[in-house]
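Here's the structure, in structure tokens; my notes come after.
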Amino acid sequence: MNFDRIDMEALEKELIALRREFHTCPEAGWTEFRTTARIIEELEKLGLPVQYGPEIHVREKMYGLPDDAALEACYARALEETNRKDLVEKMRGGYTGCLAMIEGELPGPTIGIRVDIDCNEVDESSSDLHKPAAEGFASLHKGLMHACGHDAHTAIGIGTAKILSAYRDKLHGKVLLVFQPGEEGLRGAASLTAAGHFSKCDYFLGAHVGILKNQEVGTIAVSAHGFLSSTKLDAVFHGVPAHAATPDEGKNALAAAATAALNLLAIPRHQQGPSRINVGTLHAGSGRNVIPEWASMSLETRGKNGEINAFMEESARRVLEASAAMYGCTCDIRFMGSAGSIDCDPALAHKVKRILADVDGVKKILEDVDFNGGEDVTTMMRDVQEHGGKATEMVIGMPLTAPHHNGFFDVSEEVIGLGARVFASIALEIDEA
Amino acid sequence: MNFDRIDMEALEKELIALRREFHTCPEAGWTEFRTTARIIEELEKLGLPVQYGPEIHVREKMYGLPDDAALEACYARALEETNRKDLVEKMRGGYTGCLAMIEGELPGPTIGIRVDIDCNEVDESSSDLHKPAAEGFASLHKGLMHACGHDAHTAIGIGTAKILSAYRDKLHGKVLLVFQPGEEGLRGAASLTAAGHFSKCDYFLGAHVGILKNQEVGTIAVSAHGFLSSTKLDAVFHGVPAHAATPDEGKNALAAAATAALNLLAIPRHQQGPSRINVGTLHAGSGRNVIPEWASMSLETRGKNGEINAFMEESARRVLEASAAMYGCTCDIRFMGSAGSIDCDPALAHKVKRILADVDGVKKILEDVDFNGGEDVTTMMRDVQEHGGKATEMVIGMPLTAPHHNGFFDVSEEVIGLGARVFASIALEIDEA
Amino acid sequence: MNFDRIDMEALEKELIALRREFHTCPEAGWTEFRTTARIIEELEKLGLPVQYGPEIHVREKMYGLPDDAALEACYARALEETNRKDLVEKMRGGYTGCLAMIEGELPGPTIGIRVDIDCNEVDESSSDLHKPAAEGFASLHKGLMHACGHDAHTAIGIGTAKILSAYRDKLHGKVLLVFQPGEEGLRGAASLTAAGHFSKCDYFLGAHVGILKNQEVGTIAVSAHGFLSSTKLDAVFHGVPAHAATPDEGKNALAAAATAALNLLAIPRHQQGPSRINVGTLHAGSGRNVIPEWASMSLETRGKNGEINAFMEESARRVLEASAAMYGCTCDIRFMGSAGSIDCDPALAHKVKRILADVDGVKKILEDVDFNGGEDVTTMMRDVQEHGGKATEMVIGMPLTAPHHNGFFDVSEEVIGLGARVFASIALEIDEA
Amino acid sequence: MNFDRIDMEALEKELIALRREFHTCPEAGWTEFRTTARIIEELEKLGLPVQYGPEIHVREKMYGLPDDAALEACYARALEETNRKDLVEKMRGGYTGCLAMIEGELPGPTIGIRVDIDCNEVDESSSDLHKPAAEGFASLHKGLMHACGHDAHTAIGIGTAKILSAYRDKLHGKVLLVFQPGEEGLRGAASLTAAGHFSKCDYFLGAHVGILKNQEVGTIAVSAHGFLSSTKLDAVFHGVPAHAATPDEGKNALAAAATAALNLLAIPRHQQGPSRINVGTLHAGSGRNVIPEWASMSLETRGKNGEINAFMEESARRVLEASAAMYGCTCDIRFMGSAGSIDCDPALAHKVKRILADVDGVKKILEDVDFNGGEDVTTMMRDVQEHGGKATEMVIGMPLTAPHHNGFFDVSEEVIGLGARVFASIALEIDEA
């Protein structure tokens, strides 16, 4: 499709500038206060109705929320980094992300388009070889970095809004733009889904930049498989402290946790396919000469499908509880997030394929690629499918300078304009495709 | 005391020959068929009434019985090594050991004297440096050896009977001679005790050769402390087998047992004093490419006192059960034997000390030595004390060629005659001491 | 092909009888003394030249040989079960298996056909529901059973010889019949391969009964993938014994082995595909109150390809050595067998497919099935391929009464005649296919 | 002795006020900036020459120093809490503690008197049942508390200086007052000892309040045994990070540390007597979905004597290194502090006993009590003994409201004046005793 009503060159520059702004101020899951405010600002410029704050969430489904102190610290930081305190204040407590509805002037389906907006807990490289560092837009937030391309996703979402706003007279139906918080850790989708935003979507589309190795910009996959099922758990062991000279008086939570860690890694492999288990962090004990009374760990299980992941999760829970019991401790296991596997709808993918053939910049279309990871867009997609809609997750290829989640990760900024054109084209043409 | 009615030199030679005979045919706990038969033969020669077989035992207290196949194999071996099948047959099933009563002609107390008769599961050295090997009386039973001196104890018990039988006119009261099976593993005392044999004893005496380092023959301790409390357990883990290619279908009993083993060793030390834990054996699995469906281990806990040992045993049971649960297995824990700590009666020890001053061959008397090990004579002693009697365990010193339970262990045979004189003297003089 | 020179019905009955005979006298890897002698008897009846004994093996490649005592015990058993001591004697020491060459009268290629002859270490079911038990041909060797169909394979091999011997005038080239010992544990192929028997084969064919679930007799797969790479290792830990009361004097081999077992299971999963690790057996310690001075374990690693298996094996060796070092022990790691992954030759499979279309009893032909296990026929196949030949492994489907290696496993005996016809047809027609 | 030159009642009140001041501003080892400055202020008032800062330490023996950031943070806090920045500045970098010399006017021996001044890393109770909280002098430093009585020790040291300063005309020889930093963790004594301050001491005295259970104020032990040998180690594991989906690419430092933790706890008990091992803290990993590339732990070993502790430390180092090797990681083991066992000099204890008989407030004198813990005064004592002097560590009894190192621990403030009188009396009379 040819978007001749818009100066696409100028728009692309604007979106790249936005992406770089997001890149300098990365915010982790449930703390995207400034990011969300900035998105809303742009959407408001377009006159779009935007929903945000507690009204779009279901508190008890906001998995993996940081603790209050961390939320408040990020909130305070955001207040210093924004002119729109009015917006930020409404999100206090973690109610980040927003939804915008673009109403077409023609009758037609409801199309959900989702982008994710949170960053990673990764230190960004300061090397001159790393473009954001060399060109001065590296993260200003120590320990945080957009190392998964969600800064580009956010800019793509805004770009999509800008294009579609200019073509509302040609738009059949309406487009629900979803700026999702907390994708990392598979934490954010459940809350928005539980709030019922997606149940009326006839179509639902997501896209991720990168993922595939060694792809030119212009390569797009119209659907993917290999979304691993995954569950994120935190476990906290409670024991009884004692002086190291009287260990029989204690209940050693560190020993329980160490036992758990080893035996979690020893959960058997599954005959049906790939599984994974990781104990990512472990913290225990208060002093060298005290029998440790507490230990906490964060872990995750993965499986090629839901059955395998369920086996892993069930085994993990058994290991955690038995390890605690072994040392006379207790163990609180907290569910922190999850995503399931999903099948993209081939009919939708086929439609998308036909549309993309005419999108400027699309050079190569792949039919079905291996995502080989978890994505909580699957939570939304499943909800859409269960309500009778169709969903697919695309991959927007680009050369990878470094793996995702690495301090040297960077995006080829041409994908931003391309992504916006892709989403906009699909929205405008899907009812005919 | 001077035993001039007896040719002590000839008796000592006879007892040494008996000890060597026992040394060549060692029998482990509950399989002392031939040994018991041989003891009875000697006691019968003296005209003493002897009790043996099922009548002296309480089956459900016969802890740590070998399995039926092992009992039968040893029984068969004994039948080949004895002329007294009549005696052996009555013991079939593990009913070994015997009791003999020597009635004095004068009124007086009941005095229990206990010796133990079983051997160790140790390979005897075949070195020329090891006297039993060099002189041709080493064990004929592969894997079995009298490496704790119970062969000498048995001979001392017979010697005591021979001396006392010659002095019944001077004996006040009566002497109950106890030839206990299954001391190793602390298995045999409970059955005899439960049968009520010791409840009427006014005095109760035991003795062990060796124990103390670097002692001349002639050194005797009249009491001891440091009897470790100990519990012997067997644990059998049951899981579910599976092919190694489908490990998710199995419940891995070997993994459960390995987890248990490590965490048993990690049971905390106790502030009150020494504790010990050992997993002595572990057997698991049926084939390289099968997820192991079973595992069995033998273990023991020890503690300086009953409280410490109870802490160890309780912790061990918790570890075993949690390890099984961790792998979806079950665990049968079987009680195999135990012994407790005990306080020897100082008043009895004092009497013994006075008597020993006049016993031929006694050169040095120690008042209270550190036994530093478990002994199930404590089970009998406690029973006596609870019924109002007094009890002590003596130590008959000798130079040690090697540690107890070592393939080079040997006894200084002078202790045999000396031990018999000690017991006989105490029995004859205690009412006056 | 139509074998009208032969009374196929009678032959099938004869082969079934042979299979049942093999079933009653199962022999494990490197102890197939009686089995091999019986095969040779049948081959000799056909006038075929047979090679066997030390001349066909390379001693240092006879992996996973039982120890001498076990070899001798099985040898003695075989001598009691055979009339052909002359044959058995030549195999003493484990030199089992044999090779027979069938020379065709027409010029043509050399075709290797391999069957395996060893049994499993599995207790056979005595249930009436289990046909060998109900009909009286269950294993007479306790703890041993043909639970993987090698009894049928052996009969198929003999049947193939019988058919081909009747058609030598029509046979292009020659057929090398391989009766391989020690397939279980992946132990036998290396020795025969190293001896150079297969380097001149133009074609090489194997076949396994069962494998696929829920197949009718008559289903044949002409090639397979999913041969897991696998390595079999034994590890023996040596420590220092000590009395359980003085554990600081010991070096605890059981603790080292338990640590190894857990950490072996915790070797990370591999991103490239399936891996497996199993510690199948663990034996340690000599007595409850002795710090264990030794421990031995049998383990295996598996991987979807050689790289994954190499990662597993290397990790396993590191775990074993570090576990030993941790407890001041040493660890001997012994290579016991291995098999690699393989790609069947599609061209050969295609030829076989065409031939099978006309074989009596073949109802359904599958092109390429998932073997999902290790098979050391791959060692031979790789050797053939490396020398320029083509190889494939077929699967002869049948309903499964129970999984392979299970005490209820049984074969549908129709596969025996079918298998013989399949091999014979391929040998006779491959030069034209 | 009767200190009639001094208003003891006023002095006691002053010392109690000082103790409470120290209690509100607790400082942990090597950060006693404000505490030391306050001590120096008091000593300067007496006109005593005081040594402090880098000149009294040997940098490379300042074990267990906090990292620079922590040192600086505590330094900054101290600057805010003191009027004597001149003093504090000289200690920057951790050079805390001080020495004061009191010269007698009469010839005589050199007497070392040592008190320790650091606090614990313990949260103080805010309960009304806890006197410091109820009366408003609880710690103002979150996470820090004088929970071992070193606040009282410090006040005792100052009180001793005050009394002795008034009696210099009666003092034979001279008194070296040692205000030692970093006793907790057994970190501070080595540096001062290495600097040679104690080599000329003829006598050396320490004292600890509490320790004994259920003692009235007025009970003093003139010597103690049972000083456990102890070693403090930190271990840092370095691995290789990887995404949790590709665990084979990582080297899992958390797994190495968990293995180490379990196997450290499993180090065998020692036949010679009590041993201890504790892994007090463990921190590992950077994110849930990252194979952990680092782990750090703090641990300590203890033994009844140096030989046992050496066995524990050597075993611990072996476990740490093997655990790292097992996972392809490396392990840095850092020595953080130690203390040895010591024998108090009976002759000195005897002299002290005679002197104490006349000290006001001493009601009961014990000869030799079980310290049952580590104390790095032993490092100083050993140095004195090795140079020909005599040393003893006293215990000043008091009722215990809670165990040492507990948030409810409190001292009976009468022990402060008592302790000062005890030290002063000994210093004034030892040359005659």
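Every chain is named by a letter (A, B, C and D) in the order it is written, and numbering of its residues begins at 1.
The rule we apply is simple: contacts are C-beta pairs under 8 Å (C-beta built on N, C-alpha and C of every residue); 3 or more make two chains touch, one makes a residue touch a chain.
Source: prediction; values computed, not measured.
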What pair in A-B, B-D or B-C shares over half of its contact pairs, by residue number, with A-D?
B-C
More Cb-Cb contact pairs, comparing A-C against B-C, go to B-C
Determine the centre-to-centre distance between chain A and chain C, using the mean Cα coordinates as centres, and give it in whole Å.
50
I'd like the Å distance between the centres of chain C and chain D, where a centre is the mean of that chain's Cα atoms.
69
So the centre of each chain is just the mean of its C-alpha atoms; given that, what is the distance between chain B and chain C in Å?
51
What parts of chain D, by residue number, touch at least two of the other chains?
245, 247, 252, 255, 259, 262-263, 265-266, 268-269, 276, 291
Touching residues of chain A toward chain B in the complex: what are they?
245-250, 252, 255, 259, 263, 266, 268-272, 291, 311, 318-319, 321-323, 325-326, 328
In the complex, chain B residues that touch chain D
262-263, 265-266, 268-269, 273-277
How about chain A: which of its residues touch chain D in the complex?
121, 185, 228, 232, 243-245, 247, 252, 254-255, 257-259, 261-262, 265, 276, 278-292, 295, 298-300, 302, 336, 372-373, 403-405
